[in-house]
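Below, each structure is written out as C-alpha cells.
Okay, so subunit A shows up in both of these, paired with subunit B first and subunit C after.
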Partner chain A sequence: MDKKTFASKLENRVFDMDVHDTDVSNACYEAMYHGLASVQVFPVMIEECAKLLKGSEVKIAALIDYPHGGFPPEIKKMEILDAKKRGAEIFNVCFTNRNVKDRKWEQVGRELQILREAAGESELRIFLETEYLTDEEITKLCGYAIEAGVDTVITSTGLYYKLDKESRTEVPLLADARDIRLIKSVVGSRMKIMAQGFIDHWDLAGEVLEAGADMIGSAKAVRLLEEFH
Partner chain B sequence: MRKIDLRQIGRIMDVSAVRTDVDFHEINQMIEIVRKYHCICASPMPWATRYTVEQLSDMEDAVVTGVVGFPSGADTTFIKVATAKEMLAVGCRELDMVINVSALKSGKYQVVENDIRAVVESANDIPVKTIIEICYLSDDEIRRASELAVKAGAAFVKTGTGWGPRPTTVETIRLIRKTIGSAAQIKAAGGIRDLDTMLQMVEAGCDRFGIGVRSASAIIEEAARRADEMEMPREN
Partner chain C sequence: MYDREMISRCVLSPFGSFYKEDQVRKELIDGYRYGVRSIVVEADQVPMLKEIEKQYGNGYTRTGMVLGYPYGGYTTDIKLKLAEYAISHGIDEVDLGVNIHAFWSNDTETMYRDLKTVVDYADGRLRIAAIAWLIRNSLENIDRIMDTFIRAGVKVIKTNPGGRFGEMKVEHIQYVHNHYPEIEIEVAGRCRSRETAERMVEAGASYFHLSSWRRMSGIGDDIQFDYDSKVADYMEYKGGTWRK
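Take a look at the complex of A and B:
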C-alpha cells in the first residue's frame, strides 16, 4: 500500500465535544492538505466544515446520537436528515445496544431499517461498541446490519477508558485487532469495517489494517500518515 | 444556612439512570426509588422516557425530565428544539439540556445563549435545566456559562451530565451561586455519591441533585438514619 492509499483510509476525528472551533477547522485543513478521506464531527460543526471543505474531495461524517445512542430511532432519523441538509455525506450512528443485550432483535431490525432509510444513498455506518458486546452479540448484530444494508460497522466510539486492574489507573480502550478479525470473519466483503479507538500510532494502525479494517477513525490521522511505512 | 428536612431528602433528588449500560432493571429501580421515597424527579435514558412517564403518571409530586442534546451538547439547535418538543409530547415536565460547550470554549457566547433560549422558548413554561459540563471548563468559563444560562431564561444551572471525567465539587457550587445570585436554581450532577457531600453542597447553595440510581437508596437511607439519631433523646 502506498502513502496516498493509506491517506484515503483515514477519517480525521475531533475526538470530543469540548473542542475549540480552531480544532475543528484544523481537522478540515489537515484533511484537505494530506488527502484524507473525511472528517468526523458533531452535527453542530457540520456547516462550518462544509464551508471550509467546499470544492474539496473531503467528506463530512456526522456523529449521530454520539456517544451514547440512547435516543429512539425516530429522533436519530431526524438527526440524520438535519445533518444531511447541512452537508454531511456519511453518518456514524450510535446504535441502541441495549436492544442487542436484551435480545430484542425485532427492535434491532426496526432501528436499522429506519436508519438505512434516513441515510438514503449516503454511507451509513453504525458503532458496534465491541467493548460492551460479547462475541455472539457482535456476530448477530453484524448479521442484522448486513441484512439491513448498512455500509460500514465502526468498532467503537473510541472515547472510553477502562480501569486497568494491575496499575489501578484508567487506560484508554484501544481498538482491538482481535475484535476486527472476528467481525471480518462474519461480514467478509459484504460490509466495510472502520476501526476506531485511540489509534494514535502507526503500530496499532498497521495491526488493525492487517486484521481487516478498511478505514481508520483517528484524532491523530496526520501522525499516522507521518509514521506510515 | 439552608436547612433541609432529612426525611424529605427525596424532594431535592433527581434519580437518574442515564449511563450507556443502563438496562430495564435499573430503569425500574429508578422508578421504584422515586415512588418509595417521594423523589421529585426521575431522569431516564431517552429510550425509556415514555415508559417512565407512564409508570409514574399517578405520582403528582414527581416529574420526569427529558434529556436534550445529551450528553454531547453538540447537536444543532434545530435538533435540540425538536427533541425538547418530543420530550414534552411524551409527558416530561422538566428538561435537562446540554449547552454547546464547543461554542463556549470558542468564545461564541451569543451562539451559546441563542441555543439555550431556543430550547427555553420551545418549552413554554416547563423548567429547563442547562448542563454546562463543568469538568471541561475553567472557572471563568463556568461563570460565563452560568450567566448565559440565566440570561437565556434557564430555570437551573446544572453542573454536569454525569458522563464527564470529573465530579462536581462544593467550590464549583459556591462559584456558580456567587455568579448568578438568586436568578436561577442550581442542580449538581456527576459523582455525588454520599450524603455529606450533598449537605455541604446545599450549604453552598445547591437546590437539586442528580443522583445515580446506584447511589440513591443508600443516600436516602443514610439521611433517614441521621434524622432518627438527631431525634433521639439524650441521656444526661
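Take a look at the complex of A and C:
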C-alpha cells in the first residue's frame, strides 16, 4: 500500500466540542491537503466544514446521537435528515447498544432499518462499541447490520478509558486488532470496517489494517501519515 | 453530612451502553426507594422511568433526561425536539449540553442563542441544568459563561460533562458560588469521596451527579463494567480499584 492509498483510508476526527473553530478548519485543511477520505464532526460543525470543503473530494461524516446512542430511533432519523440537509454525506451513528446487551434483537433490527431508510443513498455507519460487547454479541450485531444494509461498522467511539487492575491507573481503550479480525470473519466483504480508538501512532494503525480494517478514524490522522512506512 | 443527606443530594444516571434492562430497573427503583434527588436517563429510557415513577414515586425524587448531552454538539433544532419529547413525557428536568464550541471560537452569541432558544421553549416546564465546562475554562471564561447563562435564564449549572474531562475542584465550586450565589450548582466530574463532597457542599454545591452514588451515600456497591468479562455488576471500590 502506498501513502496515497493509506491517506484515502483515513478520517480526521473532531470528537470534542471544547475546541476552537480553527481546530475544525485545520481538520478540514489537513484532509484536503493530504488527501484524506473524510472529516468526522459534530452536527453543529457541518455547515462550517461544508463551506471549507466545497469543491473538494473530502466528505463530511456527521456524528449522530453521539456518544451514548440514547435517542429513540425516530429522533435519530430526524438528526440524520437534519445533518444531510446541512451537508453531511456520511452518518456515524451511535446505536442503542443496551438493546444488544438485552438481546432485544427485534428492536435492534428495527432501529437499523430506520437508520438505513434515513441515510438513503448516503453511507451509513454504526458504532459497535466492541469494548462493551462479547464475541457473540459482536457477531450477532454484525449479522443484523449486514441484513439491514449498513455500509460500515465502526469499532468504537474511541473516547473511553478503563481502570487497569494492576497499575490502578486509567488506560485508554485502544482499538483491538482481535476484535477487528472477529468482525472481518463475520462480515467478509459485505460491510466495511472502520477502526477507531486512540489510534495515534502507526504501529496500532498498521496492526488494525492488517487485521482487516478498511478505514481508520483518528484525531491524529496527519501523524499517522507522517509515520507511515 | 449524614448518609440520608448525601442520598438526597445524589443524581443518578444509569444509561451507559453496558447496562442491561434489569440493572437499569434496579437502579431506578432503588433511586426512588432511597430518595435520591433526581434520576436522569436517556430519551429512550424515559417510558421506563415514568412507569417506575408511577409505582415508586416518593414525592421528592425528580425525573430527568439528558438533552444534547454531554458535548452539546447537536443542533438547536434537535435540542428543541428533545425538549418537546421531555415535556410531552412529563419529565421534570434536563441536563443540557450547550454549544461550547461556539464559545471557544469566541462566538458567545451563538452559544447564547442555542441556550436561550431551549430555555424559552421550555418556558418553566423543565428545570434546565446547563453544562458549564468549569474544568476546562479559566476564571475569566467561567465569568463569561456564567454571565451568558444568567442572561439566557439559566438558574442551575452542571459543572462538567463528566469524568473523562477531569476531577472537579472545590475551588471551582467556591468561585462560582461566591460570584453567582443565585445559581444552583450540580457537581459532575469525578467526585469520588464523601469528604470531597462535604467540602463541596460547604463551598456551595447543591447536588452531585455520581456514578458511585451508593458508595458515596454509604449504602452499598455500585455498578461497574468489567472489560474482561464484558459484564456489568455491582462491585466494591477498595484500594483504588473495583472488585467483585
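Operating definition for what follows: the second predicted complex is superposed on the first by the 229 of 229 C-alpha atoms of A that agree within 3 Å, B and C clash if a C-alpha of one lies under 4 Å from a C-alpha of the other, contacts with A are read in each partner's own complex, and residues count from 1 in each chain.
The criterion applied here is as follows: contacts are C-beta pairs under 8 Å (C-beta built on N, C-alpha and C of every residue); 3 or more make two chains touch, one makes a residue touch a chain.
Not measured: the values here are computed from a predicted model.
Chemist: After the subunit A overlay, clash or fit between subunit B and subunit C?
Modeler: On the shared subunit A, the partners clash.
Chemist: Per the contact definition in the header, classify A:Leu173: touching subunit B only (first), subunit C only (second), both, or neither.
Modeler: After superposing on A, A:Leu173 lies in contact with subunit C but is clear of subunit B.
Chemist: Look at A:Met78 in the shared chain and tell me whether it touches subunit B only, subunit C only, both, or neither; answer first, second, both or neither.
Modeler: both
Chemist: First (subunit B), second (subunit C), both or neither: which does A:Lys165 touch?
Modeler: second
Chemist: Identify the partner contact of A:Ser56: answer first if only subunit B is touched, second if only subunit C is, both if each is, neither if none is.
Modeler: In the superposition, A:Ser56 contacts neither subunit B nor subunit C.
Chemist: Examine A:Ser185 and indicate which partner it touches, taking first as subunit B and second as subunit C; both and neither are also allowed.
Modeler: After superposing on A, A:Ser185 lies clear of both subunit B and subunit C.
Chemist: Does subunit B (first) or subunit C (second) touch A:Glu131, or do both, or does neither?
Modeler: Once the two structures are laid over each other on A, A:Glu131 reaches subunit C alone.
Chemist: What residues on subunit A does subunit C touch that subunit B touches too?
Modeler: Common to the two interfaces on subunit A: residues 17-22, 24, 42-45, 63, 66-72, 75, 78-79, 82, 86, 96-98, 101-102, 129, 132.
Chemist: Within the complex, which stretch of subunit A touches subunit B?
Modeler: Answer in residue numbers: 17-22, 24, 42-46, 63, 66-72, 74-75, 78-79, 82-83, 86, 96-98, 101-102, 129, 132.
Chemist: Could you pull out which subunit B residues touch subunit A in their complex?
Modeler: Touching subunit A from subunit B are residues 18, 20-24, 45-47, 67, 70-79, 82-83, 86, 100-103, 105-106, 108, 133, 136, 163.
Chemist: Which of the residues in subunit A end up touching subunit C in this complex?
Modeler: For this pair, the touching residues of subunit A are 16-22, 24, 42-45, 63, 66-72, 75, 78-79, 82, 86, 96-98, 101-102, 129, 131-134, 137, 159-163, 165, 168, 173.
Chemist: Which bits of subunit C are touching subunit A when the two form their complex?
Modeler: The contact residues of subunit C facing subunit A are 15-21, 24, 41-45, 66, 69, 71-75, 77-78, 81-82, 85, 97, 99-102, 104-105, 107, 133, 136, 164, 225, 227, 230, 239-242.
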